[in-house]
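The same chain A turns up in both complexes below, where it pairs with chain B and then with chain C.
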Partner chain A sequence: MPIAETLRTADIHVAPASVRLDAVGKSFGKAGQSVDVLTNISLEVAAGEVVVLLGPSGCGKSTLLRLIAGLETATVGSVTIDGHEVTGIDTRCGVVFQEPRLFPWKSIEDNVVVGARGARSSETVAALLAAVGLSGFEKHLPRQVSGGMAQRAALARGLAGFPGVLLLDEPFAALDALTRLTMQDLLLDVAQETGATVVLVTHDIDEALHLADRIVVLGERGQGIAEIVTVDHPRPRDRSHPGLAPLRDELLARFGIHP
Partner chain B sequence: MATVEIGRTRPASGGNAAAKVRRTLITVAYGLVLPISIVAFWSWLAGTGEFSASQLPSPGDVLWAAGDLASRGVLLDHILISTQRVITGFGIGAGLGVILGSAVGLSPLIGRFLQPTIGAIRAVPSLAWVPLLLIWLGIYEPPKLTLIAIGAFFPVFTTVAAGFRAVDRNLIEVGRAYGKSGIALVTGVLLPAAAPTIFSGIRLGLAQSWLFLVAAELIASSKGLGYLLIDSQNSARTDILFLVIILLALLGKLTDFVVSLVEKRVLRWV
Partner chain C sequence: MKKVIQRVRDFKLGTTLMLVLLVGIWSIPTIGLLVTAFRTKDSAASSGWWEAIFAPLEQEWSLAAFETVLTRDDMFGSFVNTLVVAVPATVLPIMIAAFAAYAFTFIEFRGREIYFAVVVALMVVPLQAALVPVVRGLRAIKEATGISLIGSFPGAWLMHAAFALPLAIYILRNYMMTLPMALIEAARIDGASWYQIFWKLVMPMSVPALASFAIFQFLWVWNDYLIAFIFVDSKPVMTYRLLRLLGQYGDGWQDVAAGSFISLIVPLVVFFALQRFFVRGLTAGSVK
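Right after this comes the complex of A and B.
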């Protein structure tokens, strides 16, 4: 059964959660010699919206996700989810880290259950494992599967709690090209079916164009938001739709590539 | 779903039982090569007549001494009392080592309080405590058990504290991001992550316990393998000396093996 149907049958919906960043700044290091990684970031993500962050390495994309998750505290400004300020780790968020970060002592299945946080339903866990192509690997240990499989398990773990806000940090970067496309559609299915808000970091412009309602382009480190591009195309999107070409060219030009 | 990824996958179990038994046997065979060669060489050396029996008894002499002591019913007594001392002293010392090591490793605050003091106590060569222990605790079991406990404590304490401190921050963060904190974080993430290091500390502590047992029994005792060493030195019974040394090697190896079995069961994922 496709994941969308399982979720529909199980009637899983999340509490809608908007994300709001208000003049957020983040510096690292001691006073006097600190580095401003993020400055004056203001952004509103509507409940159920898919926002993709693009930007050069080291510009603070991961840091921005961590601020929303409450894994870091903003130096200035405020982060709110659904109108409530984020203070400390926020369980309304599900995080998929840049690395799989599976617990090596737990099976793939039990790692996914960690993401479900006790509200485990073995049916949805099994459905998620099937959706990320890990059926038959439930009892394997993380060290017994490939890097791409581990990353997919981490994706399933991030989805398993059906969080209001899904924060994903380059979740598909370690996957081969075909699996990546499948996982992108899985993410969209889950987000659409449950109504989750998605903030995703990527380096892949095509991925951004396929997933995003809006693409937030960050400038170099400390320079804040460079541009916000709205991708106003109906879903499901055709990856090769000619209407996306001008946007793609525009984004490539932003990163210094002139087609 | 069709994945075209070619995974580096291994089967979940480590092959079938027969292959496992064969691998174990091969490992044992390799391990026995050197001891057997040593005994053969020793046997030959003792047979050359170059050495007197009190300088170098033959393997046969040592076996005969073992049989003699066993038939008089004292060998098992010595072994049992020593083993019992090691287990008790090790239990106390390793237990305290795990508790205090965990506290220091998990709480930087407790670490700041305890670490300097424990470090200083550790700097005292452990045998320097012996006279004090004898004055305070008498000459029977308490000073011996205390000395063994001291020997077991430090390696366990140090490795456990270091093991908790070295836990991957990223894994702790995953635990916290998925709603674990406090005790749940400790038992759910920190403890399993530190478990391999904790076990290596426990095994070090056990080895130290045997070392300190001999020290304790050499100093004051009327029973045990250490006593048997002193007694046979005094009566120039080199055969018994050899026997005790071999027994200590076997017992040390045996107790370590028992712990390694527990370790294998607990750390199945390693």
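Right after this comes the complex of A and C.
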């Protein structure tokens, strides 16, 4: 695991941060015709925990993530990180969006450097680029690489800041199936090595089972948390471990698919 | 399929013909100016420039007009004066308008829409109507504080800047509205301040709009006579000199033609220098 070694030698640790959502609700639109996307969400994510948000389309997964990052303000309730309320965009968080959102005039490498916020060594940046499989593409511009590569660059940028709370919004959705598995393991390596708290949004039940300490299943829009599933399996996990099968069936059944 | 190709070809031919026609019509005055600039005073006065084109050998040609322009009065000094008026009068409104448009686009504050509507509404105020109040105001400032803004360059800069601002803010805001909000969000997540976002993101991405407005504003100021005449009367600009070249009885128009051509060089240079910034797709590839 070259990335884990690099991080160990660079001695990168982040201040572990806990995330607490207290009866959070969020509505969009004008009063009278507003849509309640989230209602009464209470959740506590311990420092260093990996929590995966799972739910149907439009249930407010992304909105929940944006609330933690401070990109949106909760209509009711409060969001706190390490006991401090989130009021604006919060620098303790790093976000990997659904889309790459790279700066088009900066090279792949410079984009990652932006995410590193100037504080990290070039070895760390190089190691991250290598870990996401972009060695040799450092000097390319975002439009010169494929969509999947750009998304991996965005992942490297999100990781490069080594934030206390890492928020990922379907970060691997645009990747091919094999790369997706590699990137999942990379994320776990980085989280484990640095001690960062991870909140990840996904549609993919297998991804959730592989990554999560706990899976938070959101109900239909505005219905709050439907269920919290604890995945109590040691890491590194075997994706085909028979012990995960009952959990998978349970989650599939929740989404209306009966195996 | 063949028919379609034929139709496309026809369309292209039609477009080309139309363009050539329009360019031709628009070029006529300039050609007239060019021909006249090389004629003598007598031939310019006795026959039209179009006659000179059709019978070039029966004409007297000379460079006398250019000689007059370059030697009489202080043409070079006026050239410099015009530059001194035009450059700040272009840069100043663009700077202020960029800041304003940025705030109007990205920063939420109370009454934003109303302020913007007022700014846009100010576009209808004609500059000529405001001249007298402005001059009186500046005179009052001079009496009260001793700071003289009339008869000097800063007065002209302020006047040009102030009347350029509504349009500049309007154009720049409309352009900035099209910039990807997603990128700005990403930058904020990575810890960029509003100030950094302005300089490192919004300004580079707004270059096409900034460049096109710069061209408009520079051309307008360069060719302006009224404001320069009123506010910088002690330092005559090019347009003032050109008017002088016409002479008391309007018999020096070959000189005006030559002077106009010399005056044309700078706007042309500015246009071609800034034209390459109209790069489309600068933001392509940042967001799907």
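Side notes on the structure shown:
Operating definition for what follows: the second predicted complex is superposed on the first by the 258 of 259 C-alpha atoms of A that agree within 3 Å, B and C clash if a C-alpha of one lies under 4 Å from a C-alpha of the other, contacts with A are read in each partner's own complex, and residues count from 1 in each chain.
Keep in mind that, in the parts below, a contact is a pair of C-beta atoms (placed from the backbone, for glycine too) under 8 Å apart; a residue touches a chain by one contact, two chains touch by 3 or more.
Computed from a prediction, not measured in an experiment: that's the story for all the values here.
Once the complexes are laid over each other on chain A, chain B and chain C cannot both fit and instead clash.
By the document's definition of touching, of the two partners only chain B reaches A:Leu175; chain C does not. Look at A:Thr91: by the touch rule set out above, it reaches both chain B and chain C. Shared-chain residue A:Pro104: touches chain B and chain C both. By the touch criterion defined above, A:Lys139 reaches chain B but does not reach chain C.
When the two complexes are overlaid on their common chain A, residue A:Leu71 makes contact with chain B and with chain C alike.
Of the two partners chain B and chain C, it is B that touches the larger number of chain A residues.
Legend: residue contacts after superposition of the two complexes on their common chain; A:Ala130 is shown touching chain B, with no touch to chain C.
Of 92-100, 128-136 or 146-154, the chain C stretch that intrudes into chain B once chain A is superposed is 92-100 (criterion: clashing C-alpha atoms). On chain A, the patch touched by chain B and the patch touched by chain C overlap at residues 69, 71, 89, 91, 93, 95, 97, 99, 101, 103-105, 114-115, 117, 141, 143, 157, 161.
Residues 69, 71, 89, 91, 93, 95, 97, 99, 101, 103-106, 114-115, 117-118, 130-131, 133, 137, 139-141, 143-146, 148-149, 157, 161, 175-176, 178-179, 182 of chain A touch chain B in their complex.
Chain C meets chain A in the complex at residues 182-183, 185-191, 201, 204, 282-288.
On chain A, the positions that touch chain C within their shared complex are 69, 71, 89, 91, 93-95, 97, 99-105, 114-115, 117, 141-143, 147, 150, 157, 161.
The touching residues of chain B, when paired with chain A in their complex, are 1, 3-10, 12, 170-171, 173-174, 176-179, 189, 192-193, 195, 267, 269.
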